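Next come two complexes built around chain A: one with chain B, the other with chain C.
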Partner chain A sequence: MTQTPNSEAPLMQVEDLAVTFYTPRGAFRAVRQASLEIARGEVLGLVGESGCGKSTVAFAMMGYLPGTAQVEGAVRFEGMDITAMSDAELRQMRGNHMAMVYQDPVTSLNPSMRVGRQVEEALVYHLDMTADQARDRAVDLFESVGLADPGRIGRRYPHQLSGGMQQRVVIAMALACEPHLLIMDEPTTGLDVTTEATILDLIVELKDRVNAGILFVSHNLGVISRVADRVAVMYAGEVVEQAAVRDLFKGSRHPYTAGLLSCVPQPPGDDGVEHQLSSIPGAVFDAQVEQSESCLFAPRCPLAQDDCASVSPPMLDAGDDHAVKCLHHENVKPGIWGDLLERQQKPDQDGGVPVLNAKGLRKFYGGGRKKWILFGPSVRQPVRALVDVDMRVGSGRTLGIVGESGSGKSTAARAIVGLIPRNGGSLELHGESLDSHVHERTEEQRSAMRMVFQNPTASLNPKLPIRHAIVRALRKFAGLSHAESNERAEELLESVGLDPSFLDRQPSELSGGQQQRVALASAFAANPDLVVADEAVSALDVSVQAQVLNLLENHQRETGNAYVFITHDLGVVRYVSDDILVLYAGHVAEYGPSPDVLSAPSHPYTEALLSAAPIPDPDAEPTHIRLEGSVPTLRAAFEGCFFAGRCPRKLGDICDHTPPPQQTGLNGDGHVINCHIPVEELEAIQR
Partner chain B sequence: MARFLIVRISLIMVTLLAVSIAIFSLIELLPGDAAALMLGQQSTPDSLRNLQEQMGLDRPPHIRYLEWIGGALRGDLGVSAKSPDISISSVIGERLRNSALLAVSAFVIAVPLGLAMGVWVGSRADTKIDRFLSMGGLVTISLPEFVTGVVMILVLSTMLGWLPSSSIMMPGESIIGNPQVLIMPILTVTGALFAYIFRMARANVIEVMESNYVRTAVLKGLPMRTVMVRHVMPNALLPTITVIANNVGWLFGGLIIIENLFAYPGMGGELINSIKTQDIPMLQSTAMVIAAVYAFSNLAADLTYGLLNPRVRLS
Partner chain C sequence: MAAADHTAARDVSASANPLLRFASSARSALTLILRTTTGRVGFTIVMVHLTLAVIGPWITPYTPTDFHLDDRFSAPTAAYWLGTDEFGRDVLSRVLAGARSIIWIATVGTVLGVTLGTIVGVTSGYAGGKIDQIIMRIVDWLLAIPSLLLAILVINMATQRFSGVDDSWIIIGIIGISFMPNNSRVIRSATLAVKPLEFVESARLRGEPTPYIMFREILPNVLPVVAVEAAIRISFALLLTAGLGFLGLGVQEPTPDWGLMVAENAKHLSTVPLSALAPGFAMASLVVGINLLADGIRQAQNIPETGDSR
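Entry: the complex of A and B
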C-alpha cells in the first residue's frame, strides 16, 4: 500500500530503532536503542565515537541497510514508515525528498562522469526536467554552493576538482530537488581544517536558506557545536543524551558526554590556567554482547552505583527539553572525570646542545627527465617539498609542526629520521652530524630516534604477536638478552597502560588506540632521545587520543625525551607543543614558542589556520578568515612570497615579487615570522 | 596526443630492434646453419662450403644481421631454407591473414558476450545462477585449449561427422572458400577467451557495486537499470577492457596450440612448422612478426584505456 506524507507529522521521527547485522562472525548490534526527532529548519547533530552506530542511524533514515541487517523499531519520514517501503517507494523518496551528503567526497562521485551530469540526472529523473532545464538548474545550484565559475564547473570530472570543491558538488547534488530532509554523514571529516571551515560556513548558511531538516553526523565536537541546533549523543548503539546545543555543551547531564568534552584539548581559560586532559578508561561495550539489564556505560563510569548494574536506565527528563539516559544525572558536574589538574609547567629549556638541530633542511622530489624521454635535457622541475627549514628541539621539549596537507609536514618528519634522504641542509643529533639516509647512520643514532606513524594497524605486522614488535626493538636497540627483553617488554606495556597479557595477542585483536599504544611502547623500547610522531593521534577517538596524549606527556616528564609532533589538529598542537613550526608549501611561515605563535601577532597563514579550527564551544565567536583552495605544488623557484597566492592579507605587488623578510616577533629572537607586513601592524590588525 | 604516439611508436621500434638482435643471436648460437640443414645427411665439407658461399652464410654475423633487417624494412624477408622458390614474405602475409581471421572472429564473439554476461551475473552476486556460472567459467579457464579442442574434434568430427577435423588446405584453396574449417578453431579460442572476460567483468562489476559512488547513485533514487548503465558499467568495464587488450599476447600463445591442433594454416602453425623442419630463415621472421604484433596490440590497449578514461585523457 502506498503511503502518503502527512504534513502534521514530524519531519523525521526515529522510535526505538535497533539494527543488528548478522555476519558469519556473529551478530553485531550496531544500534541498540535510538529515538530521535528532526523538525523542519532544524539541524540535529549526532555525535559519538567510532562504532557507536551513528552512521547506521543515518543510513536507516534513507532505508539503506544491507540485507543482513535486522531492523526493529520505526523510522518515519513525514509520517511514512521508511522500513515498510517498497524499492519503488524508496526511490521516490531518495534524492528527491531526502538526500545525503557523504564523508570522503572523492569516492562518492563517479570518477568517469562529468560532475554536471551527476547533478542533472536526479533533476531529470525526479522532476521530469528536460536536459536544458536541468543544466540551467545545475548551474544555479553550483552557484548557490559557492563554486567559482558555476557555468563551466559542470563540464569537469571529479579528479579535476579539489576536495572542498568536490564536497560542494556533492552538496549541490543533495540540494538538487529541494529535499525536506538532508542527511550529512561526517561531511568534513578528512578535509583540511581550512576547507572544513569553508564547508561548515556553507552548511550554516544553507540552514537559514533552505527549509530542510538536517541530520549532521560527526565525531568532532567542535564541528557539531558550530552547526547544530540540537545534539544527540550516542554510545554503544544507544542515544544517551539529547539537548539543545548550548545546554549540552555547557551543562551535559550524561557522564559520557561530560567525559568526551573533557577529553578535547581546549585553549587555556581567561585565567591562563591550563588543565590536564581527562580520559575515559576502559573500552566501549562489546557490540556482540546482547543487551543486559544494566547501563552500558556503567563499567567505565565514575558515578556508577549498584543500581547501574541491575537496571537499564530509561530516557529521563532533565528539564528544558533535555533528555538523558542516566539514573544519576543529577550528580553529573564538572570534575567527575577527576579533578581538573592544573598542568605542570615544564622546566625552562637549558641552554645546552639541543637534541635535534636542523638547519636549511631541504627536500626536492623528482625532477629530471620526463619518463618517456630517454635522452636530452632535464625538462621537469622537481617538486619543492621542503625549502630551507630550520628547527631545533631541546631535551624534554616538544616541537609541533602544523600545516595543511601538502605543506611538507610529513616530508620533514621523514627527512629527520632519514626515511627519505634530504637534498640539502644539515641535521645534528646532540651536536653530532647525521647522515641523510637512515642506513648510513650508526646504530646508536638510529636507536636514539624513533618514529610513530598515523596508522598503527599498518605499522604492526598482522601475522605476529605484539611481543615480537617490542622484543625485537629491545634486542636490537637496547641490546638486551632474550630473557631480559621479555621482562622489559612487560614493563613497557604496563607503562603505556596495557596489561602484560597483551604481549601474546595478535594486532587484529586490539583496538586502534591499543595498537597505537603498542607502537609507542616499541618506540620507547629503544630508549630514544627523540620521538617523531607523524599524526600519531589523528585516527583515534577523542577519549583514546586523550589517553595517548597524557601517556606521551608523562613519558616525557620521566625520561626527558624530545618530541617532534606532527598534526593538522591545532587544538592538539596547542596542548602538546612548547614550540610550533608552521609550514606552508615547504616554507617556514612562522616558528617560535607556542604561546607566541598562537597569539597575535602571527603570520597570516597561522592566523587563517587558527581561525578555521573548530572549537567545541557553541558560544565561541565565529571567525571570518577563510582560505579557499589548497596548498599548491611548487615546482619552480618563485620570486615572491610562498603564501601570496592565497593570503587573505596580501599587500599587493610586493608580495608577488619580493620574498618576505624574516621578522622577529615581539617577544624576541626565538619567534620568526616570514611576512612583508611589519609585526606591529600584524598585531594591530589581529587584536 | 601526436607526441605520445610518436614517442610510443619509436619506443616500440627500439623494442623490436632489441628483439630482432635477440632472435638472431639465439639462432646464431645453435649448432649448424641453414646450409647444413638444407644439405642434411648428404652434406660433405665441400658441398657445405659451396652452399654457404652461395647463401652468403660465410660472411660475418653482423653483416648478415644487417642484411636481414634491411630486407625486412623493405618488406623482403628472403626465401625459405626449404626452397628458394618460397618467398617468406608471401607465406607470412597469407598466414597472418588467416590468424587474424581466427583471432578477430573470436574477439568479436567473446568480448561483447563475455562483458554482457559478466555484468548480468555481477549484479546478481552470490545468487545460485552466479555461483553456477562462475564455476563454469573457472572450469573452462582451467581446461587447456588442447583438451577442449580434442574433445570438440572427438564429438563434432569423429562421432557426429559434422565438421572436418583438420583445416589442411589443398594448394590453391583458401580459408575463405571453406568457412566450415573455421568453426571448431573459433569455438575453441572463443571458449577460453569468453570465460576469461566473463570472470574479469564479473569481478570488476562486483567491486564497483560496492563503491561509494554507486551508493551515491542508488541514494539519488535512480532506478537500478540506470545505476548499472551509467555508474557501474563504465567504471567496471574500463579495467576489464584494458586487461583484455593487454592479454592479446596470451591469446597468441593459445593460437599457436590451437592452430597446430587443427592443422590450421596460421602464424602459430607456421612457427611450429618452421621449428620442426628447421627452416631457420622462416623461423626468424615468424618470431619477429609475432613480436611486432604483440608490441602493437599493447599500444592499442594503452590507447583504448586512454580514450575511455577521463583521468588519462585529460592530463
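Entry: the complex of A and C
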C-alpha cells in the first residue's frame, strides 16, 4: 500500500501512541499514552526525566522502533501512517522528508570518511544529484550551518573537527534534502555550555529560515525554553502537559512540571533573596508496572487526593491551547512543592587555618614516553593540565570549580585527593602538608578528605553489596568493630534518606540517584572535614539532583564540613558555592567569593560562561557573547594570556605576548581576575 | 531506573544470604546456558562424558589392563562390545577408564593455567607502567615457545629430576605453564577495563592495600572473562594431553590413555579399526561438547544482567 502525502493534513500527528518493548525480563511500557502534533515551521520541545519515553516517541515518528516493540495508536506524517509503511518506503521517507539529529555527533559520523562525502552521499542518493552538484550544494549547506571556511571543511575527517563543528556537520546532513520534519534528540547534551549556546543559536536561526517542523527532545528545561515554541512534558510514558512555551514556564498547570521547574537552581531574584531548592520525592515511574486506573504521578504528588488513585485523568483543557493531564490542575500554584525557604546565610570565611590550602598546584601529564620505550630523553613535552593554581577552602564553606571540559577541573580534584600525583606546588590540610600520593598520606588525612565521583554506577563495585563500600570505610577510618560498623552503616543510610534494608542489595538494583546517595553515605562515613565532589550531580535527573544538593547542604550545616564542588553547570555552582574558581586550560581565570565572581566586573571567560548558560525562563534576554572552538591542549607554556586564542574581548598584541597581570576585584583582595583589561574598564563594558 | 526498585523487592530475600545468592546465580547461569541450542547440546555431551568418567570403574565389563590372550584382535561381539586390541584387552573398558585420567589432567591443568594467568594478568594490568611492560614482554617470550616443544623439554628434564612424581602431575604442570601466557593477556585486558572505574579509585582513596584492591575489588569483575577463558582452554588442554599421549610422552603403558591407545592401535587399523577409532571418537566428541558449551556460556553472557537496561 503506497500512501501519498496530503499537504492539508498536519505535518506530524501522534495519536494515543503506546509502545511496549518485550524483553526477556518482561514487558516495558516505554510510552503509555502520547498525543502530539507538530505544525510546519514550529518547534515542539519534548521534555522529561530519563526513562519517561521521550526518545521512544522520537523514534516512533521516524519508524525506527525494533521488531520487539509493539506499537499502538497512530503516527501520521502529512496524513500518511508511519506505522503501516514498508522498510523501503520508510527509507525513502527518512532521507527526503524527515531527518534526525542525535545526541552524540561522534557516533553519527563515519570516522573513516571525509565529512563532505558523507553529506554528498545523501544528496546523490536521495536527490539524484551529480557529483559536482552535490559538492556545490554541500558547500552551501556547510555555510548555512555557520561553519567557517565551508569550501574546505568537507575535506576534513570527523576527528579533525571539534564537537561543536561535528554537530553542525550532522545538522547540515539532516538539512541536506530539505526535510519537512526535523527530529533532534538531545542534540546539545554531550557538548560544553559554550558550544551548546552556539548550536542553540543556530537552531533558533534555522527555525526562521527553513520552513520545517522541529521536534526538540531534551531533559534540560533551560535549553527547551530557549528554542521551543510549544512544549510537551512527559512523565512515565504519558504526555502530561502541553502548552505554548511562555504559558508552560510561567503558568504550569501540572504539578510535575511545576516541580521540575522548582528543582532547577535559579539565580537570586531582584530582592537578592535566595531560596532553597524544592525536590520531588521518590523516583521516576516504573515502566514495568501494568496500566492501571490511576494517575501515575499520584505517588509523588503533593496535591494527590482520593480520586487520583482511582481515576486515570484525561487530557483536560486549561484554556489558551493549554492541555493538562491532572484532575486538580486548578490547584497548581507556585508554592505547592513546599514553601520557598530562604537559605540561611553562612558565616564569613574565618581568618583561621583553612581546611584546604593549595598553592601553585601543578600537574603535567605524559612526557613519560621515552626515546627507547622506557629509557632515554622524553619524546615530547608533557601536557600542562594544571598550572600554578591557588585555592583555599575554609571549614563549613564550599568552593565551586567551573570550566569547560579540558579546563583541568577533574585534574584539580584528583590532584587534591592524591589519586594522581601533583608535579609541583604545596597542598595543606589544616596547615599540615599533604603527600602527593594518597597511599603515602596518613590514615587521618585520608579519612578527613573524601571524594564523590560523577558516575554513581561506576563508583560502587557492581559485584559487591552496598554494605561493602560503607562498612569498609567505617572500619578503616572510624576503627569500628564489625558489629558497630554494621549498625552505624544503617544509620548512615538513613541519614541519606535510604532504607537500611538497602545494605544487602547489589548496586545494579538501585537507581542512579540511590547509588549516588550510597556514595555520599560512604563519603560521610568518617565525618570528613572536606568532601571533593567531582560532577557529583551531573549524571542525575533534575528532581534527583535537587534531592542530592539539599542533602549535601544539610550535611554541611550539621557537621560543618567543607566542599570542593566541581561542575560544568553554572546554575548549580551558583547555588552551592561560597567561593568560585574559574579554570581555563589549567590556569586560574578568576577566583573569589561567589557573588563577586558572578557579577561584573568578571574575567571575559567567566562572562562568556555565564552568557552561555541556558536559563529556564523564556523571557530571559538571550545574551550574545559566544565562544567558538574548544579548550586547547597545551604542551608549551603560553607566551601571552592563556585565554587570548578565544577571548571575545581581546585587546591586541599585549594579550598574545605578555602574561596577564593578577588584578584585584573591586571588593578587596579575596577576588582575583587574571586579565589585561583593567577591572574598572571590565565593569564598564559588562554592566 | 525505577525498574530496579521493582526487581530489588523480589530479590531481597535471595541477596541476604551469600549461600543462597550463589545458588541462585548458579541456577540462573545454568538457565542462561540452556537457553541456547548450542549450550544445550554442549551441556548434554559434556554431562554424558562426565557421568561415564565418574561411574566408569564400576561399569567396565573387564579390568582395563587384563590380557585375554585367547581373544586377541576380536571384532565387536556380545562379550566385547567394541572388540579387543592386540593383547586381548577390552576396548570399551579401556575407553571408559581412559576418560578419567584425561579429564582430570586437562581440568586441573587448565585450572592451574588460568589461576596463574589470572594472578599475572591482574597484577600486570593493575600495576601498569614499567612493571606491566616487563611482565608482558616475558609473557610474549613464553608465548613464542611452542607448547609441544616445551612439553618435550620439561618431560625430559622432569623425568630425570623428579623420577618419583606421577606422570600426570608433570603433564598438569606443562599445561599450566603453557596456558599461563595467553590467559594472562586476556585477563590483563579485562583488568585494564575495570581499573579506571571509580570504585577502584574509591578503594585507593580509602587507603586499601594493593593486593586487596586487585583481588577483592577487581577480580570479581573479571571472573566472567576467566570463566569463558577456562571453558575454551579445557578443550585445548584435552588435545594437548591426548597429543602427548599419542607421542608417547604422556602416561605410560599399561595405563589406559586415549592418545596412547590411538597410537598403539593405529597399526592394526585394518584388522580391528575400533580399537583406535573408539578412543579417537571419545576424544573428538568431548572436545566438540566442551566447545559448544563454551560458546553457550559466551552467548549467555551477552544477555544483559539485571539492571543493565536502565
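Note that in this section the second predicted complex is superposed on the first by the 675 of 687 C-alpha atoms of A that agree within 3 Å, B and C clash if a C-alpha of one lies under 4 Å from a C-alpha of the other, contacts with A are read in each partner's own complex, and residues count from 1 in each chain.
In this text, a residue touches a chain if its C-beta (ideal position, glycine included) is under 8 Å from a C-beta of that chain, and two chains touch if they have at least 3 such contacts.
Treat the numbers as computed from the prediction; the structure is a model and nothing was measured.
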| item | value |
| --- | --- |
| First, second, both or neither for A:462, with chain B first and chain C second | second |
| Partner chain(s) touched by A:417 [first = chain B, second = chain C, both, neither] | second |
| Touched partner set for A:511, first chain B, second chain C, both or neither | second |
| Which of chain B and chain C A:248 touches, first, second, both or neither | neither |
| Which of chain B and chain C A:501 touches, first, second, both or neither | second |
| Contacts of A:121 with chain B and chain C, given as first, second, both or neither | first |
| Which superposed partner A:655 touches (first chain B, second chain C, both, neither) | neither |
| Partner chain(s) touched by A:60 [first = chain B, second = chain C, both, neither] | neither |
| Greater chain A contact set [chain C / chain B] | C |
| Residues on chain A lying within both footprints (that of chain B and that of chain C) | 373 |
| Sites on chain A touched by chain C in the complex | 23-25, 28, 50-51, 283-289, 373-374, 417-419, 438-439, 441, 443, 446, 450-451, 453-455, 458-465, 469, 472-473, 476-477, 501, 504-506, 508-513, 519, 522 |
| In the complex, chain C residues that touch chain A | 1-8, 11-12, 15-16, 130, 133, 197-199, 201-208, 217, 220-221, 223, 303, 305-310 |
| Residue numbers on chain A that touch chain B, as the complex places them | 62, 64, 90-96, 99-100, 102, 104, 107-113, 121-122, 125-126, 157, 159-160, 170, 173, 372-373 |
| Residues on chain B engaged by chain A in the complex (per definition of touch) | 7-8, 11, 211-213, 215-223, 226, 230-231, 234-235, 238, 308-311, 314 |
